[in-house]
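I have placed the structure first, in the form of structure tokens, so that the comments after it can refer back to it.
In order of appearance the chains are A, B and C, and numbering begins at 1 in each one.
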Amino acid sequence: MSTSSVSKGCFVFKPNAKKRKKTTSLEDYFTHGSENTENGKLRFKTCQTLWDKMTADTEFLQDELNRKILDSLLEFIRKSASTFQHGANDWGSQMRAHEIPTAALVLGVNVPDHDMTFHSLSEQLQQSVTQFVVSLQAKECAALKQLMQNVLQRLMGASVSVKDDDLDESEPGCSTVDHKRAHCSLSTLCDWYNTVTKKASSGTPGKKRVSAGKDMHQHPPIVVIFKDLEAFNSRVLQDFILICSRYVEELPLIFIFGIATAPSTIQHMLPHSASSLLCIELFQSLSCTQHLATVIDKVILTSQFPFKPSGKVLQVLVSIFLYHDFSVRNFIKGLQLALLEHFHSQPLSVLCCQKQEAQGNLSKLSHQDVERIQQLPSFMRYVENQPPEDQVKLLTNDDHVKEVCQKLLKDLRKYHKNYYPILRCLHVLTSSLPKYPLGKQIRELHISCLEKNVWENEEYASAMTLLRMMAKEELVSALQTCSNILKPGKTKKIKAALLQLQDLLDKFKKPDSVSDSAAVDDITSPGKTLQKKTDLFQLQKSLMEMKGSRRSKKMSQYEMLREEALDFIDQLVRSHLAPPESQPLYEVCYYSSSAVLRRHLNATPRTSIQTALSNPYHYLKNEDLRNEDGTVSNAAPDICIVYKLHLECGRLINLYDWLQAYATVASAAEGKDPDSADYGKVNELKHARFIQAVSELEFLGFIKSTKQKTDHVSRLTWGGC
Amino acid sequence: MPGQIQHPGYEEEKLLRVSKLLPCRDVQAGRLLALMGEPEQYSYPSIFIYGHRATGKSHVLHTLLNELELPYATVSCVECLSLGLLFQKIILSLFGSDCVPLLPRSPSLSDFVRVYKQLCVQSTAKQTKYIVLDRADLLRDMEANILPAFLRLQELVEDNVTVVLLSEIVWEKFRPNTGCFEPLLLHFPDYSKDELQQIMCEDSHPSYTSELYSAFINILLGVFYSVCRDLRELRHLAALNFFKFIEPLEKDEVKESDIHRLWRNIEPHLKKAMQTVYLREVSSVQWEQQQMAEKEAGALRGLSAHAHVELPYYSKFLLIAAYLASYNPARTDKRFFVKHHGKIKKNNFLKKHEKTSNHLLGPKPFPLDRLLAVFYSVVDSRVAPTASVFSQISSLVTLQLLSQLGHDDQLDAPKYKCAVSLDFIQAISRTVSFDIVKYLYDFL
Amino acid sequence: MSKRKAKKTHMTVGACISQVQTILRERFCHQMLPEKPVGMESQYKHLLELLKRTAVHGESNSVLIVGPRGSGKTMLLKCVLRELLEVTEVKKNVLQVHLHGLLQTDDRIALKEITRQLNLENVVGDKVFGSFAENLAFLLEALKKGDRSNSRPVFFILDEFDLFAHHKNQTLLYNLLDVSQSAQAPIAVIGLTCRLDVLELLEKRVKSRFSHRQIQLLSSLSFGKYLDNVISQLGLPQDFPDTKFSEEWNDSIKRLCEDKAVMAVLQKQYNSSKDFRSLHMLLILTLSQVSVSNPSIKPADLLEASRVCGADSKANMLHGLSILELCLIIAMKHLNDIYDGEPFNFQMVYNEFKKFLQRKSHSIYNFDKPVIMKAFEHLQQLELIRSMEGSTANIQKDYQLMKLMLDHNQVMECLQKYPQCPTDVKQWAMSAFG
């Protein structure tokens, strides 16, 4: 798996095989520590299932998203293959110089995410077009020889055993057309290809059948995939292209360039002498932000996943995505980490699952689990709002608590069922507004809803005012989509809302009387214009004159309807988009410790090393090391002392002075009296310790040896005290 | 009209056939043949043929060798990844495949010569053997002894063999500093415009008169001759654009005699072709398709038109910082990025002792910490120096947006250069609404 | 002999010509040995003496034959050996080992080769030797075990001697010369080299074991001698089947060499280099024009030949450039004039070119940048310009520092020769500063 991406450091490389092993160790990790193991086991099981579901869904999504581009790519390859078959009959293609058909596949800057795409691509190729597919990575092709070797081995590997030291091996006395003694050259490949294809066409059951058009049978193309073009050495690439172009008549070669940045890099990498041998066609995959949007839409903005990230957590994940890496995979991994953390840290997460299991688990709850429930802030809030006698029961009777929880969980599920459709409706209405007061992407709206009561912040207010002057047709269409969103809704609340919305729409549809239709027009006209102007000042002005006009005129029928509709929407929002904190037992489903997540996903090694060195107490928690004013006590580990001292030096550090300073501090630590003769003297021990500390610093990359000046080292850090 | 090549050593009709196959190259062919002499006669040990691409160097040679049925081996040095491969090919085509196993694995030159000698002794053929090395300039990159050895191979193997080297590069660039056996130099001059015309007219479209075609070629050369004289390239372009040329005829808007109208129709099209398909911005297939589709030529965007790259927020700023660091003199950083740079007088700051701008000289290398310093001062929010920030730098390197100089020992304070164009960086900074031009020393 | 001649006195011209071709080509291309080496009699005698002593009296010895390329070192040696081997007892006694610096690129290979040439492979079999010296000693020892007690003399002939000095520790040289010093076995080490400073290449321990005999071949041929040599080179031998033809031919050669123009050409050749090989190149080119239709060498042929030899290849290549490429070359030339020879990059060249276009306000040449870049790349391919950076992998194309591999005059000359070169371009090139 490649690590060259805009997110390398932060990648969790976890092949599936390893995951199994890991999870088994995970289980006891769950149970261990907690007093009742079966609870832990349960949590682990649910966590496991959710995890796998998430992975499966997202992978499916990814395939869906790649489908279009892959299909077009396959089409391209088929076409060029068939032209190779019966191309050279018409005048034009005879006269034309023969070029190697090449697909430039642009996949966005995050290279590790490409692996999946390429994998599925080569699979589809294998089963639908040709079995001759080679995919190359830059790091295996440092030199032309390796590149050649890889290509040949992977192609002919099936039929012959090409040895590793293939390059110039030749045992005398083996038959003339064997590939054993093959110097890896394309001519060898040619011979091999001809033999193989002959076999295939004559129909001997030697090679696998190719399940494509019959011309594919005779001459299946040879597809060479360069996974990460940018990383390739351009010299090597040129030579390879040059060699291939000499065989373009015999071999139906096709290249695929995996490009992370932009197609123009081809022109930058290859001189024209090389690029003029290619016939490049372009394939753009959709941007990773769209990709993310779909993933969030399918995985987070749905009630089918009981586990929910809180606003902050989501914020962290999204910002990592947007600021550091454009890696969707990374995002998903982050989400899964959150999932893991939640189930591990929160014992009550045992209730965070589908309805039926939840009931079962609830009944299984132990006494202290119940106590945990009672201590949940949200539950307490709920209790306070109950009449006193219930309060007593809720605090004493476990079974009662369980029953109540049953109901509460049900409510929570309902809440979610209502929340998402309404959220989408609101987004539909507001996403078309100028300046996007409530955010362009739905995730932003979602986050702001999770934070606090969305209707309390002024963006919402401004959005509403803007909506209140929306032109008819837009409003209607928006509401129409809303109703479509609400249709699948199951809960009665949603059903009711849907009905209401429907007859509102009907009212809108019914034509107004002539008299106010005019009014409608000239009222709505500023509204219309409003869509166009985006700067706020303009907005204010128009708002003003609106007010004026409103005062003067009586409201037209359309306006009244609009008012009604928007009030209805507003009331929907208020009733359904309350933040989860308002719901009792929300802790069961929501994971909110964003700090942990940030620490894990976006580590700051440098700073933590520096804290460790400048303030050892922070990690060692040893009282003697506690220090107030940022000074290191002389009892600190040698490396800390040495580090502290080196901060006081310039770019070049004289080792001897350094040693002296160290010796003084060290002997101070030994508590010698400052007047004694050997105070601050350097003995072997101190010397040794000093040397060790220094070499440790060097290892950490704070200093390095230099040739500028004898017995000096140079600092690699800047600043200091 | 081709000047008949004559040589007593060979049958007339063969030579006639040869000269048919070699239009406008009879002089060179004649001289070459004369040098080669009769089949049994010795020829000069090594002949070095140079000339521009597609001036018929290898074509002439191979036609001669083929048509006159002389024993020869031809190897393109591009393909010879290893010496072994080179030797193997030669032995193979001179003595047949069953001799190849005589070569040991990873043979040295002396092995090759030994094997060659012993094979010569066996074979009784007295004819001159020819070894043709195409793209001979690559021999220089092989072991130092290869080129000189091939030049005097005749002497080394004591056989009637002649080595012919083909290259686009002049002999002066080959000669090793201690000198070597000087080959006989032969120059293949480039085709003149008329010759090009004549040659290209030979492959005229069957269903159209050759006059028409030659008229077309004439127009084509009118546009392209001043830029490109590579026959292969020109032929390619002709094939691509001919159908566009005859389009009006097909629709019989114009009659064949009316060359001028045809010219007016095709000329802008060819101009377009020079900017697109000639540079392979647009693939030849796409070009033809859009001709069929009657689209106006602007519809297709070339490769370099898609220069936009989506980057994470911080990567963008890192790149911007890198650009600034590599195009601004370090001394000016203070003025650009320190809020209150009181001391620096505008005028003495603006004295440009170097009159040429940095965008002419290209990017300068800069150390990592300068990059970070600039980065922290251009990025709006304060950024924690997280691992991912640093990894983004190295990722930018692998994406070839930055280029790292010197050995990549991270401890050893690496230096970088920014490897993107001004347009690119402007596009990037527009997306983060950062006015980069304000920060560039050249545009002050 | 006389019978054969009588039979063949009147051959057809064609037959004669082809006969001539065969003979002369043998001389010029295959270095057929002349019956007596020209202009190096003293060296010949010296070397002969030396080798005789080894061959006959079994004295070891070592000698270097030093002379510029094509001065006839190999020829000299071969002649000497030829004469030496006419003595029968020498013939059946002496062994020869020919090593070539270009072939035996390291001592392991060299040793294998020696073993092979002394055909001792079967003797050696698959023994393993501690050191090179041991191995060599064994080989020489093995030679002893012939019919006679005292071992047979061996000539070690090292062509391109200087290359052997680059082998690791100069082991081969050391051992050979060592043997030649100590009277283990009578060997003669004969080195041929074109490097006059060859002794500086030798390590001290090697140098000290070398006899410091050098045979210099700095040919001090007078032009007269040179001319005679040419005649003899072109002349036909006595035993040429068709005497009539041969006489005519030889006369024609004589006449040829009295021709003024030919004299001039040969004089030029003589001044540039006295060596035979370059002469041979000239002569083969001349000869190649001799045919049935042109049965004897005309002065014109020789002139033509010298023209072909003396052609300036760079100029030839420049002639084939497109106008655009030529313009770029001129721009670079101007840059060189301005920043006296400092390296430049594409951007600068582009600017320079643009300046020119702005001055001439017509639109024939204003191509867009990529097109110009392509032309620029082509120039780079032809190595008319060379990149200064070592690894150009990750530097933008248009900022790579380049150097022009042509000088001012070459550019100007090519401008004169260039077919229908536009005048304004000419003027631009002439103009002092871009």
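The rule is simple: contacts are C-beta pairs under 8 Å (C-beta built on N, C-alpha and C of every residue); 3 or more make two chains touch, one makes a residue touch a chain.
If you want to know which protein each chain is, UniProt gives these names: A = Origin recognition complex subunit 3; B = Origin recognition complex subunit 5; C = Origin recognition complex subunit 4.
These numbers come from a predicted model, not from an experiment.
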Quiz item: What topology does the chain touch graph have (line, ring, star, complete, other)?
Solution: complete
Practice problem: Would you identify the chain whose C-alpha centroid lies closest to the centroid of all protein C-alpha atoms displayed? | Solution: B
Quiz item: Roughly how far is chain A from chain C, going centre to centre by Cα mean, in whole Å?
Solution: 66
Quiz prompt | Centroid spacing, where centroids are CA-atom means, of chain A and chain B in whole angstrom | solution = 41
Quiz prompt | chain B and chain C: spacing of chain centres that average the CA atoms, whole Å | solution = 31
Exercise. Can you tell me which residues of chain A touch two or more of the remaining chains?
Key: 267-268, 272
Exercise. Among the residues of chain C, pick out those that touch two or more other chains and give their numbers.
Key: 370, 374, 381, 396
Quiz item: On chain B, where are the residues touching two or more other chains?
Solution: 279, 281, 304, 400
Self-check item: In the complex, chain B residues that touch chain C
Solution: 6-9, 31, 34-35, 37-38, 40-45, 50-52, 55, 108-110, 113-114, 137, 143, 145, 148-149, 152, 154-156, 160, 168-173, 178-182, 184-187, 189-190, 192, 225-229, 274-275, 278-279, 281, 304, 356, 359-363, 400, 403-404, 417, 419, 421
Quiz item: Of all residues in chain A, which touch chain B in the complex?
Solution: 4-10, 91-97, 99, 101-102, 104, 106, 108-109, 111, 144-145, 148, 167-174, 176, 181, 183-187, 228, 230-231, 239, 242-243, 246, 260-269, 272, 275-276, 278-282, 284, 287-289, 320-326, 602-607, 701, 704, 716, 718
Quiz item: For chain C, which residues count as touching chain A in their complex?
Solution: 370, 373-374, 377-378, 380-381, 393, 396-397
Self-check item: chain C to chain B touching residues, read off their complex
Solution: 14, 17-18, 21-22, 25-26, 28-31, 69-70, 74, 100-105, 109, 113, 116, 162-163, 194-195, 277-278, 281, 284-285, 288-289, 291-293, 308-309, 311, 313-314, 316-317, 319-324, 345, 347-348, 351, 364-365, 367-368, 370-371, 374-375, 381-383, 394-396, 398-399, 419
Exercise. Show which residues of chain B lie in contact with chain A when the two form their complex.
Key: 76, 78-79, 81-85, 88, 97-98, 100-107, 203, 205-206, 232-233, 235-236, 238-240, 242-243, 279-281, 283-286, 288, 303-315, 369, 384-392, 394-396, 398-401, 410-413
